[in-house]
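Here come two complexes built around subunit A, the first alongside subunit B, the second alongside subunit C.
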Partner chain A sequence: MLGEGILKGLAETAKNFAGSFVSAERMTTVEYPEERIAPIEAARVFPFLVYDGTDWESGMRCVACQICEKECPPKCIYIEKSKDKKPDAIGKPQFYPAKFDVDIAVCMSCQICVEVCPFEAIKMDTEFELSTDDRFGGLLLDREELSKSNEYYHQIHPTEAAVVDARLTEGRAKADAKTTAAAITGAIRGAEIPKRPAEGGD
Partner chain B sequence: MSLSGLEKEKDRPEGWNRPRLIEPDGEGELLEIAMGPHHPSTHGGFRMDVALDGERVIRLKPVFGYLHRNHEKIAEGIGYLGSMPYTDRLDYICSLTNNWAYALAVEKLTGQEVPERAEYLRVILGELTRVQNHASSIGFLIQEMGASGTPLMYAFREREKILDLFEGLTGSRMMCNYMRFGGCRVDAPEAWLTAARKVVAGLPGFVDEVDRLLTGNEILMARTQGVGVLPPELAVNAGVTGPMLRASGVNYDIRKVDHYGIYDRFNFRVPLGDHWDVYDRYMIRMLEMRESISILEQALKDIPAGPVMDAKAKIRGFRPKPGEAYGRIEAPKGELGFYLISDGGPNPYRYRVRPPSLINLTVLEDMCLGSDVADVVLIFGSVDIVLGEVDR
Partner chain C sequence: MLETLDQVFVLLQHWLVGFLPAVLQPVAGVLLSVVVIIVLFPALFALTTVLERKGLGRIQNRIGPNRVGPFGILQPVADGIKSLTKEDIVPLSADAAVHFLAPVLLVVAVFMGFAVLPMGRNMVLVDMDAGLLFFFAMGASTELSVFMAGWSSRNKYSLLGAMRAVAQMISYEVVLLMSSVAVVMISGSLSLTKIVEAQNQYTWGLPHWYIFTPWGLAGFVMFAIAATAETNRSPFDLPEGESELVAGYHTEYSGFKFALFFLGEYLAMFSISGLGTTLFLGGWSAPFSFLGWVPSWIWFFSKLLLSICVFIWLRGTLPRLRQDQLMNFAWKFVLPMTLLNLMVTALWRFLGEGWERWVFCSAILMLAYVAMGRIGMRSGHIGPRRYRYAE
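After this line comes the complex of A and B, so read on.
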């Protein structure tokens, strides 16, 4: 019969129309900003710099190695390396970024900077409500605006942050073992060195 | 490749051998109009310069390049990994298959191995991409026919669930940037696989729904049957691939021809068209969705445990040996290939994309000649292009 297919299609739309009043699953619209969906752990928006402890300047993990600046596909990161060294979280003297800017108008949220960073210093934020009326300065984030604590990182990406912390403590334990071993060998050598002139003197 | 049934003259549809150029039969001048670059049917910046004799199309000249953004040259200036997020932006509906094709090309160049679990994850994500691409492309095709919204909204409701899966795993809904040379970036947790199984279990119901809504619809049949016929000889000569080629009756699916990844382990069929028209292209996409769902069910059942990255893969200081490689996959729109030449440096010496959308679009004039101007929009919609990939 001509028109059968159309009637069948209309029955389908009628079913969908009535179904949206019955089934809660069909009511898919979320009325943002009054309503929000639960935060998604894997979500990524723009990068931020992680610091340990309470002070962003002394606890910053970044050592200004500039790998992320080199690897960034749209080149939105600008780093100036410091002239002097400052002790990092475990007291080892390190370079630090005298300047670290991310132009989030250029950034495309690809997280390649996160993947290439050997120091777990740069991570992806989930904050997306970043609108501003300043086109230039408002979208160019400096190192103070970029710095966020490790606790905040744990809050937004709990599983990933736990893995990163485990890796960092393992690395530090290894480094500690190395420094103690070096200290011991150094002490032995140090003990040996004054012997030699004594022998030569004989 | 078999060109079955081409020898039988009587099997050929009416008007298949239309002359390349059509002479106007009416009196008076031709009307030349520019459809686009801001036409609702073009989904981006694209122009068709059409010459009309009354309602009949006499000439059609596609003009593209409005969305050109220098993808290939940018890729030659940055490292291999740096191009991966740019491939998301080629065909922005199917970013995961773009990632896959590029990763495959680089893996061919370096000879890296991909772990079993990563191969399964790639198949799952690739087939989910195919389902959501075909669903939205059918929705857009029907919208261009004048059914303003309903089928498209049904398709987008389903696409939303698949995009939620992508976001849960890769962190982004459309710009996924997920695959890496030698595997995938992160492992899928068990909870994600459970969610994926739930979504896949709901997909056959969606395809049935679209089937009831559209397939038997008399208006759809009257508008699409016998319109935009693309004969197989022309399709093969023009290098058309994907659902377009299979709708023209040519049995050519790179998943079956190349067996890239682990596609030889799955049981699926390749649907072929019989009448070579717009309705066949619609039907092929419907049937391909069903086949993709069957691949998804098989892959989600057998996915093994294990690592998702090749242990020897390097992220920093990635320099392949000098050489060249061409990696291609069956993307939802056709054969997507990446051709790379390495000179041993950190950047590719030459980087070339073979985009299915652009090459499928080259036969647009041949399909449109002699048809009504209202059908041009329809034929254009049935090609299923994304301008991000056409212009690069």
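After this line comes the complex of A and C, so read on.
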């Protein structure tokens, strides 16, 4: 009969209305500043720079290769390469970013910088409470503000960070083997070198 | 004592006016009542906005506003401050004078309607002999201000919204009038106080409200449908249609002018609820004779609030109609039903006291409703529409 659907609908909404007062599982609202949902691992907001160890300046993985700066679609990264080299986490002398700024007002959270970084130095953060009353300076993060420890990375993206760490150790082990091999060949060569003048002397 | 409580506002008014010289007394009395109406109903509007937002929230399993003040009851204060401090933008090509006048006229016209509503025993501002006619005249003039708003904005969405609004309001105005005429036929008066008095009688403790008669029930349902459409409430909120018309005729309004439209809309809802209460729900009379000691104004306002809650409930339930559905429903279903209802009312009047009129009148209305519903549903005028290219 005409109007039956309306009555059914009214009954449904009345059920919702009454039910919302008695059953807690009906209410899906999380009242944000007081309550929070558990952080989601796959979440990503803006990039940050990972450093090893305890000091952000000496442990920074970034070597200022500027790939991310070139790849960034909205061009929100600004890097100035250092003139000198500093030893990185494994003691190899590397360039470092004298300046590394990310304008989060421009950043679109595309994660391309993370994809292209060969040094696992830039990762996506989950921190989202970044509002500020200074819309220019407050939204331009410098390298100190961007630097976060590897432990923090493990905390926000445990699975991904474990994979990254495994890859890094493997890479470092390979590099170590190479340097050792090079050192050995060097040593052998070095041992051979004195022979040459002797040969030449012949 | 209870007598005093019932008449407390009337006595208060007399007491206050008594301080003035006799020449000024009639004018001062009217002014005082006007001030009370102008303060009371916007206050009720503020209350209703919270009630509506919280009620709709609950219907959708949300919490609703709960930040400003305890349980969010101070939300309207925050909203009011916001709309007062917002920039008032008038489009460059708009007709500034008409653009300004439209919201003002709307609110004035809506307030005029309250003048003839009896809100309690002896509590009516102007006891007009043709009160109902006056009410409808004032209600009809809100259409003008809606069209003024749409026309003066020089915006296609505004104009479309206004056209829709006027088309809708005129169509449902007819239904509204026709369903009220039945009441006038039985009570024999256009005066709203007389209509309430006619309903303020009891048989076996039950009141003689018109809703408890077959024609009254049918009339009330159609009145409620027409009232919903007349006040542009969901499911008939096409003139606003946020999703297709960017808020319709008040697209180009901001700040306090927008708030005035909002106020006007809610005031129209209150006044039409008050009229529905007066015509069909016995106005200020008690629902049972043994409750007669409760002050009359409490009954009027509880009935008013109840009908507002029903409006909110409907809004939380029904989706918006399409323009053709709206028009078809008005002209092809509700209007024929009101015309039939007039016949049935006449039959009720002339069949005299007895059980026969109950049976005949109910049977005719039920049969007509079922038959028209069946035919209408089958023909697609009011039933589900088949979309040729969407199947």
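As a convention for this text, the second predicted complex is superposed on the first by the 197 of 202 C-alpha atoms of A that agree within 3 Å, B and C clash if a C-alpha of one lies under 4 Å from a C-alpha of the other, contacts with A are read in each partner's own complex, and residues count from 1 in each chain.
Just so we're on the same page, a contact is a pair of C-beta atoms (placed from the backbone, for glycine too) under 8 Å apart; a residue touches a chain by one contact, two chains touch by 3 or more.
The shown structure was predicted, so the numbers you read here are calculated from the model rather than taken from an experiment.
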Exercise. Looking at the overlay on subunit A, is there a clash between subunit B and subunit C, or do the two fit?
Worked result: clash
For this session: Classify the contacts of A:118 with the two partner chains as first (subunit B alone), second (subunit C alone), both, or neither.
Result: first
Exercise. Looking at the overlay, does A:54 come into contact with subunit B only (first), subunit C only (second), both, or neither?
Worked result: neither
Problem set entry | Partner chain(s) touched by A:27 [first = subunit B, second = subunit C, both, neither] | second
For this session: Classify the contacts of A:131 with the two partner chains as first (subunit B alone), second (subunit C alone), both, or neither.
Result: neither
Exercise. Looking at the overlay, what does A:109 touch: subunit B (first), subunit C (second), both, or neither?
Worked result: first
Exercise. After lining up the shared chain so the two structures overlap, which partner does A:43 touch, if you call subunit B first and subunit C second: first, second, both or neither?
Worked result: first
Exercise. Looking at subunit A, which partner touches more of its residues: subunit C or subunit B?
Worked result: B
For this session: Would you sort A:13 into first (subunit B), second (subunit C), both or neither based on which partner it touches?
Result: both
For this session: After superposing on chain A, check 27-35, 63-71, 261-269 or 333-341 and name the one in subunit B that bumps into subunit C.
Result: 27-35
Exercise. Touching subunit B and also subunit C: which subunit A residues?
Worked result: 2-3, 6, 9, 12-13, 16, 28
For this session: Note which residues of subunit B are touching subunit A in the complex, please.
Result: 78-79, 81-86, 150, 154, 157, 160, 167-172, 175, 177, 185-186, 209, 212-221, 315-316
Exercise. Which bits of subunit C are touching subunit A when the two form their complex?
Worked result: 55, 58-63, 313-314, 316-318, 369-370, 372-374, 376-377, 382
For this session: Mind listing the subunit A positions that touch subunit B in their complex?
Result: 2-6, 8-9, 11-13, 16, 28, 40, 42-44, 67, 71-73, 108-112, 115-116, 118, 124
Exercise. Tell me, which parts of subunit A touch subunit C in their complex?
Worked result: 1-3, 6, 9-10, 12-14, 16-17, 19-21, 26-29, 31
